[in-house]
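Dropping a structure here in structure tokens format, bear with me for questions.
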Amino acid sequence: MNYSVHCEKKHSVSIDRKADLNKAFGIAVDKSQYTVAIRKVQEDGKIKTLMIDHRVVPIEVERRGDGLPVRVFLKGIPFDVEIAKMASTRFRPPLPEREISGEVRANLPGQIVAIMVREGESVPAGAPLVILDAMKMENEIMAPKAGRVGKIAVSRNEVLAKGDLILEIE
Amino acid sequence: MFKRVLIANRGLIQANCVRAVKELGATAIAVFEEQDRETAGVRNADEAYELQTRDASLRPYLDLEQIVGLAEKLEVDAVHPGYGFLAQNARFARELESRGIRLIAPRVDGRFNLSNKYMVKEAAQRAGLPVVRGTELFSDREALDAAVKAVGLPLVMKATHGYGGIGMRVLKDKAKVERAFDHIQSTSHKFLMNSPEVFLEEYLQGARHVEFPVLRDERGRTLVFPELECPVQRRFQKLLIETPAPHLEAHMRTRLQSEVRVLCERIGVFGLASVEFLIHEGKPYFLEINGYIQPSHTATTLLTGVDLLKEQIRLLSGESLDIGELQIRGDRHVIGTYIFAEDPLDNFAPSPGVVDRLYLPFGEEVFMQTSIFSGANISPFYDPMVAKLLVRGRTRNEAMLKMGITLDEFFVEGVKTNIPLMRGVLQSEAFREGSLTAEFIAEADNRRQLVDSLKSGKDSEIAALVAALALHRDGETLKRMDALVAEQGSSSVLGAATRWLKPRKNRPRL
Amino acid sequence: MFKRVLIANRGLIQANCVRAVKELGATAIAVFEEQDRETAGVRNADEAYELQTRDASLRPYLDLEQIVGLAEKLEVDAVHPGYGFLAQNARFARELESRGIRLIAPRVDGRFNLSNKYMVKEAAQRAGLPVVRGTELFSDREALDAAVKAVGLPLVMKATHGYGGIGMRVLKDKAKVERAFDHIQSTSHKFLMNSPEVFLEEYLQGARHVEFPVLRDERGRTLVFPELECPVQRRFQKLLIETPAPHLEAHMRTRLQSEVRVLCERIGVFGLASVEFLIHEGKPYFLEINGYIQPSHTATTLLTGVDLLKEQIRLLSGESLDIGELQIRGDRHVIGTYIFAEDPLDNFAPSPGVVDRLYLPFGEEVFMQTSIFSGANISPFYDPMVAKLLVRGRTRNEAMLKMGITLDEFFVEGVKTNIPLMRGVLQSEAFREGSLTAEFIAEADNRRQLVDSLKSGKDSEIAALVAALALHRDGETLKRMDALVAEQGSSSVLGAATRWLKPRKNRPRL
Amino acid sequence: MNYSVHCEKKHSVSIDRKADLNKAFGIAVDKSQYTVAIRKVQEDGKIKTLMIDHRVVPIEVERRGDGLPVRVFLKGIPFDVEIAKMASTRFRPPLPEREISGEVRANLPGQIVAIMVREGESVPAGAPLVILDAMKMENEIMAPKAGRVGKIAVSRNEVLAKGDLILEIE
């Protein structure tokens, strides 16, 4: 199977066989030939460790909502990847979502120390909405787009988990 | 020595204080929040007491009244505040002293107050130390304009009682000066002991920051340690330290050590303190005195073989310094890095979460303090430091090599950390030359560049390989599942295997 | 320096060698068995190759031919053997040398052979060092009787090529002498390079054991480090080390350091070696020279700030020693303990298994090397060392207190360890006085007593409380389950909850 | 509920209430009163950590085949316990097994390097049967009782897991 992967530049990745645990197999990337063995997988089958050309490589793969890999971490160093084309595979990657959501959520757990807007107020994109106190720092949460402030789901001093809804820009 | 010491902090510093107090033969008493109930300091304490959350807006470790009340009830004779939090809180000290309990913080002559930055600067100036040009104290908004004009931009605005970067702003833009002034004034009740006064100072572009730890006993015996330098900081918190400083010439070291001694005598410091200087275009400027134990003191301990934390507690209990100048050694080089659960590529945004894979480095001349483990939950509510990592070399070059390779071996999965950034720093020409500054790291583009410098051409091939292989294996897994379904006529297997292929909430990755 | 170095060992020493080689700018190549494929040394190596199990009776790490073959194929210019295993194997060295590959082990003048204990003893005697009274070499069973009579009981029987306790027996009883002789002879093909010769020595009751690490370069520049003492051993393996030795007087240290220098010059050592002495009733006796890096060298590294492992590799590659006598410091005190997965209350029986809870100590002047983690599987097939723990103090007293408290903080569940024994040792009067000997620890009753000394009267109440509470909670759990069953009419819940109440196989606990 | 527990000496332990997670309660041992809270339990409900009088106590409890605690480890230090009598409880501890089993099993994983007896041979108690090479040491496995050697289940160079049957003394 051939994959066209953009990572810093365009690469052509060719994987010829089944990728089973522990058996070494070859993968060609552009003109280089790599010997790869899968050394460790998660319970759901996702790869955690590879052996590539006699080196141990712990990996993390970040995926889009539809499961398509979008970022690879090699020892914590991020590489953006875009898988553009696959020969002989059932996957047809859908276009990534482009519309900006108006949902404003806590990007980290913390406590609301100030609410700077009122319901119904019109705000430009980038306007400060609330201050979230997290990890000894005050974080201004900004409007992701221009619009009207809908219902505010939080109150002052409320402690939020990551991902909790704060308010919506309509 | 003290008999019973309460430690009013959490995390690594709590555990270190607990052990220091036990080594000194006293009873170590820990306090803790529910989520910290099985951390090292709590486990190892002779007694441990759970703090109550009495007020949603006040975290228990900052709940001065509750801690003072507990200290009184438990009949302790001293409280160790660690750093941050309560370490520089004058009210905390007063409340304890009024109950006959000593706060383990440096004491000074009654005419002075260490946490008052302006007062200390004045004292240093009178003692003949060079200081940064700046204004007097003011709290009146109307005085602001003239003050800014007098100092000129860029400038540093400092609250009288700021600490650890709180109540301090570097301002390059006139438009932001007023807002900063308002912010410091409005938050002064929360962090700055209700003291809304500020002063402005000239901003010394590209200055280097060195500090000299000092031990001084009640009898006036003084020991000034070799200096530490912190070329990599974020928001005034240290990310990398070195001791001794790479480019401080011997005559400058001798001069500053003697100035430190004079200043400490002048203001009658006793206990542990750190005297800080800026070095700008070869000239030193006194900056401030820090009065609490800091994570960086571990580097001095490793370099010199003197356990500063223990000596701090001993001296404050009234015992004498029994170490001579000649017993302190500075002929090795120590580099320390602080690893935080945060993303330097996203403006150091905290990255709390669960550590799901962890490879800790270890080895000859490699020293680490950490309480994380695979499965540890990194709390979002406190300083996200996960490890202090130090190496010692015979030369700076040896220490740099060792730290670089040790960081390569340190792998944390599940939360983002500054390990990649620190690896980039250790490989950079600027750091090797000793010319890296805090300002350089403050720029997001520079951080990105340092991390990118770790990538080789081959790495992008490997990342592409990994992405393709991950997808390839998904396909394989699906096919195997399809075959299984065809065989068994069940769809539940497929359901389980393809769960992750359905759209998930598209939250930012931890 | 070398360009490519293969490390022929596993565990901590493998990881330390990998880092040392990388710090020196060479390519570090690891070899590994399947079960070790994600250990630190393998992860961090520049290249890692899996060894094959070619023969059930020969573990891959000992498979000399396979490793030599790999070294040749991979075109390495040196092999680091770590300690044990291949570190003293003459054939391994020969096979490598014949292929132009250097074994990283000390080299000596062609007339000598370090692994031949008798030859080294003779050389020492000729160099004027005091040696233990004993016989010449013999391999003839008929010579045994006369030899025993000449030396007298108790005596020590030593194989010419013994190492690390293998091929050495302390014999107090005439009846066991022949059996020991036969055993050494019959196993000599396996461990002792087919050399069935032995010699007998007087057994020096209560002798103390000190060793001086030495670095010496090809040009003859020699550096003798402060001595290490190992008062707690089991089967000739070290459990506790101190440096410097607690009771060696300064004049004796100076004398022995100069004798070490003379001996190393005489036999032309170059590289890293350790020269060992027994101190018996105040008199020193040369014992042997060890030619490999040892776990205890970490203590010397911590004390002196010289990375011995790295210097060893550097010197063997032909580089020169660039450290002066005055740059070595001995005015601190280091204590190290080795933690093994074994039960000292059951004759040190190995205790392999899964670590299911782990609290690692950390802190100021506390240094640890370990690769265990919660969930780690401790293999039954190799040396079960799980951690090296070291502390440094300004005085011996400070180091003792620190080690005692640090061991209290170290908790491993799932496998038995010698932590309780070491805690008992650190609290014992004998150790504090510096009068503890390896013989004392060899007695099971003494070990039991040391562990029991940790128990207070209250502890037996608490143990009783814990036992009763465990049973009490079982009852509670059962009752709750009963209620649930009554409610839901299902018996599967009860089945699950009471599973453990059914008899299990009564195997000994891990 | 009252428990009579022998641990170095006889102790009377009285637990008055339900022992739920995290709630502190009192336990009397002889004349001492302890405040105890359960802090951590395993999945099967077994206690892993207690807080006793403001100290964290990690515990391990070793149980007999029928579930009765026989040894308690406090920070790795073993305390033999014998629970002799319980008031108002359904537990009636059966007598411990006394008969010595003739089954000889590997007490640790290792490799058989020598077999020193033959099938059918009579051996006294304590006679060496096989040598098991484990963790760099040769371990002589001895006869647990006198008897005749039954079928030998292992052969030379065989690698055994802990608990594997070696032979039986009949």
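Should a chain be cited, it is by its letter among A, B, C and D, assigned in written order, with residues numbered from 1 in that chain.
Heads up, the rule we're going with is that a contact is a pair of C-beta atoms (placed from the backbone, for glycine too) under 8 Å apart; a residue touches a chain by one contact, two chains touch by 3 or more.
Please read these numbers as outputs of a predicted model, since none were measured by experiment.
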Computed distance of Cα centres, chain D from chain B, in Å: 47
For chain B paired with chain C, centre-to-centre distance based on mean C-alpha positions, whole Å: 37
Distance between chain centroids, defined by C-alpha means - chain A, chain B (Å): 29
Where chain B touches two or more other chains at once, by residue number: 43, 359, 408
Shared interface positions of chain A, touching two or more other chains: 58
Topology of the chain contact graph, where touching chains are joined (line, ring, star, complete, other): other
Which pairs of chains touch, using the document's own definition: A-B, A-C, B-C, B-D, C-D
Complex contacts: residues of chain A adjacent to chain C: 39-40, 49, 51, 54-56, 58
Interface residues, chain B side, partner chain C - complex: 12, 15-16, 19-20, 22-23, 40, 43-44, 298, 301, 305-310, 323, 327, 329, 331-332, 358-371, 373-375, 392-394, 398, 401-402, 405-406, 408-409
Of all residues in chain B, those that touch chain D in their complex: 37-38, 42-43, 45-49
Residues on chain C engaged by chain D in the complex (per definition of touch): 56-57, 235, 342, 345, 349-352, 357, 359, 380-384, 408, 411-413, 416-417, 419-420, 451, 454-455, 458-478, 497, 500-501, 503-510
Of chain A, residues touching chain B in the complex: 1, 3, 5-9, 11, 13, 15, 18-19, 27, 29-30, 32, 34, 36, 38, 44-48, 50, 52, 57-69, 71-72, 74-79, 81, 83, 86, 89-91, 97, 105, 107-111, 113, 134-137, 157-159, 162-163
